[in-house]
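Both complexes below contain chain A, partnered by chain B and then by chain C.
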Partner chain A sequence: MSTMVAGAAFAADLLSGPRPAEWKELREAAEARLAGRELPTMHEEDWKYLDLKPLAALRFGPAPKVAADISGRLLPEMVGTRQVFVNGRHASHASCTSAVPAGVRFFPLSAASEACHALGSVGAGDPRNLFEDLNAARFEDGAVILVPKNMKAALPLHLLFITSAEAPVAVFPRLLVVLERGSELELVEEHHGEGAYLTAPVIEIRVAEGAVLRHERVQRDSMEAFHLGTLRAEVAKGGQYHSRTLSFGARLSRQQPWLRLAEGVEASLDGLALLDGTQVADTHSFIHHAEPHSQSHQLHKCIVDGRARAIFNGQIRVAPRAQGTDAKQQSRNLLLSETARVDTKPQLEIYADDVKCSHGAAVGQLDPEELFYMQSRGLNADDARNLLTYGFAADVIAHVPVASLRRALRQLVMARTQASTLGDLS
Partner chain B sequence: MSTTLNVVTSQEYKYGFVTDIEADSVAPGLNEDVIRFISAKKGEPEWLLEFRLKAFRHWLTMTEPEWAKVDYPRPDFQKIVYYSAPKAKVAKYASMDEVDPELLRTFEKLGVPINEQASLAGVAVDVVFDSVSVTTTYKEKLAAVGIIFCSFSEAVKEHPELVRKYLGSVVPAADNFYAALNSAVFTDGSFVFIPKGVACPMDLSTYFRINNKESGQFERTLIVAEEGASVSYLEGCTAPQFDTNQLHAAVVELVALDNASIKYSTVQNWYAGDKNGVGGIFNFVTKRGLCKGKGSRISWTQVETGSAITWKYPSCVLLGDDSIGEFYSVALTNHKQQADTGTKMVHIGKNTKSTIISKGISAGDSSNSYRGLVKVQPKAEGARNFSQCDSMLIGQTCSASTFPYIEVQNRSARVEHEATTSKIGEEQLFYFQQRGIPAEEAISMIINGFCKDVFRELPMEFAVEATKLLSLKLEGSVG
Partner chain C sequence: MLSIKNLTASINGTPVLKGIDLEIKAGEIHAIMGPNGSGKSTLGKVLAGHPAYEVTGGEVLFEGQNLFEMEADARARAGIFMGFQHPIEVPGVSNASFLRLAYNKKAEAEGRDELDPLEFDDFIHEKIKVVAMREEFLDRSLNEGFSGGEKKRNEILQMAVLEPKLAILDELDSGLDIDALRVLGDAVNKLQRADRALLIITHFPRILETIQPQFVHVLSGGRILKSSGKELAVELEERGYDWVMEEAAAGGAR
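And now, the complex of A and B:
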């Protein structure tokens, strides 16, 4: 009971501050849903393995206006195509859009109202979670990306969400991406931060017919942070959506991607979580094959060390009319310590008969034969283990299209898997 | 989908008849007095009444589970008759001739090999008719090696110390809603005890049959295999055709001590309701085996084809080091049937192993779900699990779901889960037909191939029955 009371107080606390004036309807609807809402407990099937008590134990205030140093965060390919948000607000001094391809609109929500009527409409009608509603009720700013018909954006766009807090604060980043028919875009979304905070981003994506979005997501929040993110994507006929979510930071994180695939869509939803200490990372995905002949591929990998916990709950639903669906889902987990823990639940719900669906889950440690092989080639036991651990992670990041990001991620993974002692493997 | 893929169902339920035997029943409803009545009627000791009452009091505080992917009208527990016994003309039967001929005819129609057939088939049958066990064969032969195989009520009278020691030790009275209900009101069932070092010389078998309209069946089965003992137990079910839903909430407990082995096979073919989903049995069963000793082994094999609603998860608790748990299942649903079935493998001891092979076939408007849990506890060094869950869909209005829960808390564990979905396609059928094999036979062959990994775990006579049953059940769905 105490958690539930704390939970109710939790939402009320966050809602007690001033409400931004824009998007009144969206906010009011969210507030109405939030009224009396409690923080979910582990008794709810959807939150079975994730204990939110540590979150309930903290009180989060509104985020102060601060300037953040982004010098180490820039990527050479995207120096002129970046928008930076600090503590949920647009940081114009840190942003630079000089190289954004002509025709592509990439601006803060606060700067324009065009297209923003679409805010909150992706995946409407689907039950919303508390954190998504909290975001809708209280977000201050966010980014909007519009790519016009048949425009193939030559450069990737870079979004940096930075949170910096001395006392616990809550921030609600928001992102709306709309790709019109036949357009193409690469997008890199990064989350960084310092101190204890709650970030509950909501990302809405609309991919029109035949459009292609490649979406790289890097979560490097502070080790004291809570990251509870929602992503909703609707992909129209013949469109493609490919995302890769790489989670390194946050003491407690949860990613909730929700995808609706129309006819002939190709989608991939890959993930890698590198966890240590007492980190908890939860991925709760839902892929809805709503119409015929769509494909989805999901590869989710977790490397869990220390007392960390990885949770995966991936649901694939194939609607009755979605004949010809091809869905593959893999949850693969590597346990590195005595006290690490993995809970995984891949789920298939199939209502059509002419489909190809499979899922798999594996939890284990490194293969002793592979370790032996490495040692027979002259590596010592530690190096062999580190190299294999790095290799386990590397195939998720191998295809990151932005070279500098790929390099940075490789270095990060090498450092975290202690494989860096083996020299540059990239 | 052509006409070939649209025909095979509509086989009338072969075992839908009602035997007219005057029942000795209690009025519908459930309260402590009913429980006291059942207990008194069966001449139970005080501790067992206490067990029942404790379970009942706990049950009152519980709510029906909602998490399964099944949708059905909640039973009204006050409308159920909790005790009914067929009236016997003679209290104890000296020979088969004295058994109510009406009853014998029923079994004959069911094809239970109770007379000469029993000896021919080499099967000892403990027949549960409604709630009271009527006759037991082969008792002497089993007694010679120290095996106890009798009705649960008899075991309570003859071997109270064994029953008291093991009852509720695997499925505690308050385990879940339906197990608690069963613990409060169970009327009869089977009891098997295999003493140390004895390998049971024959397969033991029980047939359950629900007869009295609106009488829920609450069987209780307890099987104990002592150190080094082994037994294979067969359970098969059929029930008459009724329009009112009948609740079946059985509890089966298995205990295997050091190096003991228990193999439990089920063919379940209760009335599934008609094509429109009217009637049919609600099958809410708690089955759990405890591999208590080192090197013990418990194997569940089930072929589930009946019942309107199935809610069943035969599980293994792998407590002893090096113990092994196995689950082989074929679940077939057709028309409006809904099944949510699977298993739980809880690895506690070191080097414990488990295997899960589940094959789900859905046809008609049915819903077929696999739900399983593989849990590796922190001390289960070297635990190993392999799970394979395959679904087959026949037609465009059924559904198949897979919900595996995998919880691993030991890094030396290796847990693997795989699931696939397939269908019987026009192309496959065309290929068979082109080779001169008619569609009906082709379907049977495809289904058999699909279920092969499970069928080969069944005792021979069950395997034959299961194959026939599946073909029968699918008649009209494909074709």
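And now, the complex of A and C:
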């Protein structure tokens, strides 16, 4: 019972500070749902494998206004198209609001404008998602990004979220990304940080008819951080949404992407988690094929070492009228130690009859036949193992369209898979 | 170069090789033929150092060194190459970077200079001509999505890159059409030198029309039943394997 008490105290603590004035309705609704709420426990089906006790054990204060060093975190393609958020607030000294790809409009929430009214409108919201409600109740800043009709952004937009504090802080970044009909955007979202903190971002995405959003998400939070992220995307007829979430950091992370696909939509929702030590990374995804003839592809890979733990719960729902749906899901997991653990669960709910749905889950070690093949070409056992581990991960990042990001990710993966000694593998 | 004496080996406790004797000298081409399940692929894997097989007796010397004191990777660096019947697909690792890595590991072992990516680029572009491989296959992930023929082409490319002393080619012809077989057979012939030996493992004699061996051995039931010149391949093409086994059985009974 002590965790329940701690949990109740947890939400109340975070709500005890002043409530920002704007978005009163959104905040009040969230507060009403949060009243008396406790942190979820492992008795709840949705949280069966993820123990939030370490989160309950810490007390998080409000985040101080600080300047963060962003050098070394920049991507050369996006020098002029970068927006930085430090401790949940738009850092105007590090990014001016005109630093976006030509034609794309960017509105920080702190400078509230007309465009910001749609906040909280994507998806129905999940009343069970405590962290989404905490965000709605207490977010201080964030942005609305608008890509006008038929505008095809020539450059990617880089969003950098940095959290940095000496004592534990909680930050609630908030984004609304709206692509109008026929528009296109490449969005790179990166999270970095130092020290112990909780970040609970909520990202809402609306892709209008025929629009295309490519979304690269890189989570490199501090190894003491908790990252509990919510993503909601509604994709209208003939639109496309492709995302790739790469989780490297955080002691405990959970990603909850939620997608609603209209007729003829193409979506992909790929993921890679590289975990070591006592890291825990959880992905709970929900893809709703609401209307006919949409496609979704999901490839989720985890490499788990040490005593780390990965969790994947991939729910796909095909509505009765969503005939012609094509849904593919693959969960592939590599265990590098005896004490590493993976729990993977596909969850398909199919209510239409003319559909193509496939799913597969595999958990295992490196294949001895693959190791022998590498060794038969002169690589020693360690090099062979490291190369295959690198390849397992690199497969997910091979198609990242932004070249400098792809290179940076490859190097990160090489370092994490001890493959750096093998030289340039690009 | 290679001296095999009374070699026995088993997998999961089941004997597969039951006493193999074979001498291979530099410059020679040997063919091991036999029906399915005869143990001929096992011989290749045992020589290459596959960990699933247990050597239960006999000895193999490669250039005077005891082969079984070397791990698979050390054998490869010492100059043994096996072309796989079923090459492995490795997503995420480009063919070119894998080839360069393998080349550099061998160069390092031999005290030669390693090649940087640019130098290797020039080097590999000469090598792909030998096997008539298209350039795009260098940038693709190692063997991923390659057809059976493309994988075999890639095996011979690896052989061309690694310049082994002894190349063991396991069922090179499986999955190849006539044209591809001729291209790869010609490539292997071009790579053959006075200081290199070839061991061709095959079920079908067809490939031996292009890569012509001086010695043909028929393996069955884990033993070499008959060894002869290349004319044996022609006879096997015409008559199949049964007569060899009957002859051996009769010989054994006498």
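Everything that follows uses one rule, which is that the second predicted complex is superposed on the first by the 415 of 426 C-alpha atoms of A that agree within 3 Å, B and C clash if a C-alpha of one lies under 4 Å from a C-alpha of the other, contacts with A are read in each partner's own complex, and residues count from 1 in each chain.
Heads up, the rule we're going with is that contacts are C-beta pairs under 8 Å (C-beta built on N, C-alpha and C of every residue); 3 or more make two chains touch, one makes a residue touch a chain.
The structure presented is a predicted model; accordingly, all values stated were derived computationally and were not measured.
**Q** For the combined arrangement obtained by superposing on chain A, do chain B and chain C clash, or do they fit?
**A** fit
**Q** With the two structures laid over each other on chain A, which partner does A:378 touch: chain B (first), chain C (second), both, or neither?
**A** Touch status of A:378: second partner only.
**Q** To the nearest 10 degrees, what angle do the lines from the C-alpha centre of chain A to those of chain B and chain C enclose?
**A** 70
**Q** Determine, under the contact definition given at the top, whether A:422 touches first (chain B), second (chain C), both, or neither.
**A** So A:422 only meets chain C here.
**Q** For A:157, is the partner it touches chain B (first), chain C (second), both, or none of the two (neither)?
**A** A:157: touches no partner chain.
**Q** Should A:370 be classified as contacting the first partner (chain B), the second (chain C), both, or neither?
**A** A:370: touches chain C, not chain B.
**Q** A:412 contacts which: chain B (first), chain C (second), both, neither?
**A** neither
**Q** Now for A:395: first (chain B), second (chain C), both, or neither, which partner does it touch?
**A** It touches chain C, and chain B stays clear.
**Q** Would you check which partner chain A:387 touches, where first means chain B only, second means chain C only, and both and neither mean what they say?
**A** In the superposition, A:387 contacts chain C only.
**Q** Just the number, please: smallest Cα separation between chain B and chain C in the overlaid arrangement, in Å.
**A** Closest C-alpha pair between chain B and chain C: 14 Å.
**Q** On chain A, which stretch or stretches are contacted by chain B in one complex as well as by chain C in the other?
**A** none
**Q** Which residues, counting only chain A, touch chain B once they are in their complex?
**A** Contact set of chain A toward chain B: 45, 49, 320, 323, 333, 335-365.
**Q** Give the list of chain A residues in touch with chain C in this complex.
**A** 367-370, 372-381, 383-384, 387-388, 390-396, 398, 422-426
**Q** Could you please specify the touching residues of chain B with respect to chain A in the complex?
**A** Going through chain B, the ones touching chain A are 67, 376, 378, 391, 393-423, 425.
**Q** Across the complex, what residues on chain C touch chain A?
**A** Counting only chain C, the residues touching chain A are 48-52, 71-73, 75-77, 81-82, 84, 87-88, 90-94, 97-98, 100-102, 104-106, 109, 117, 141-142, 158, 162.
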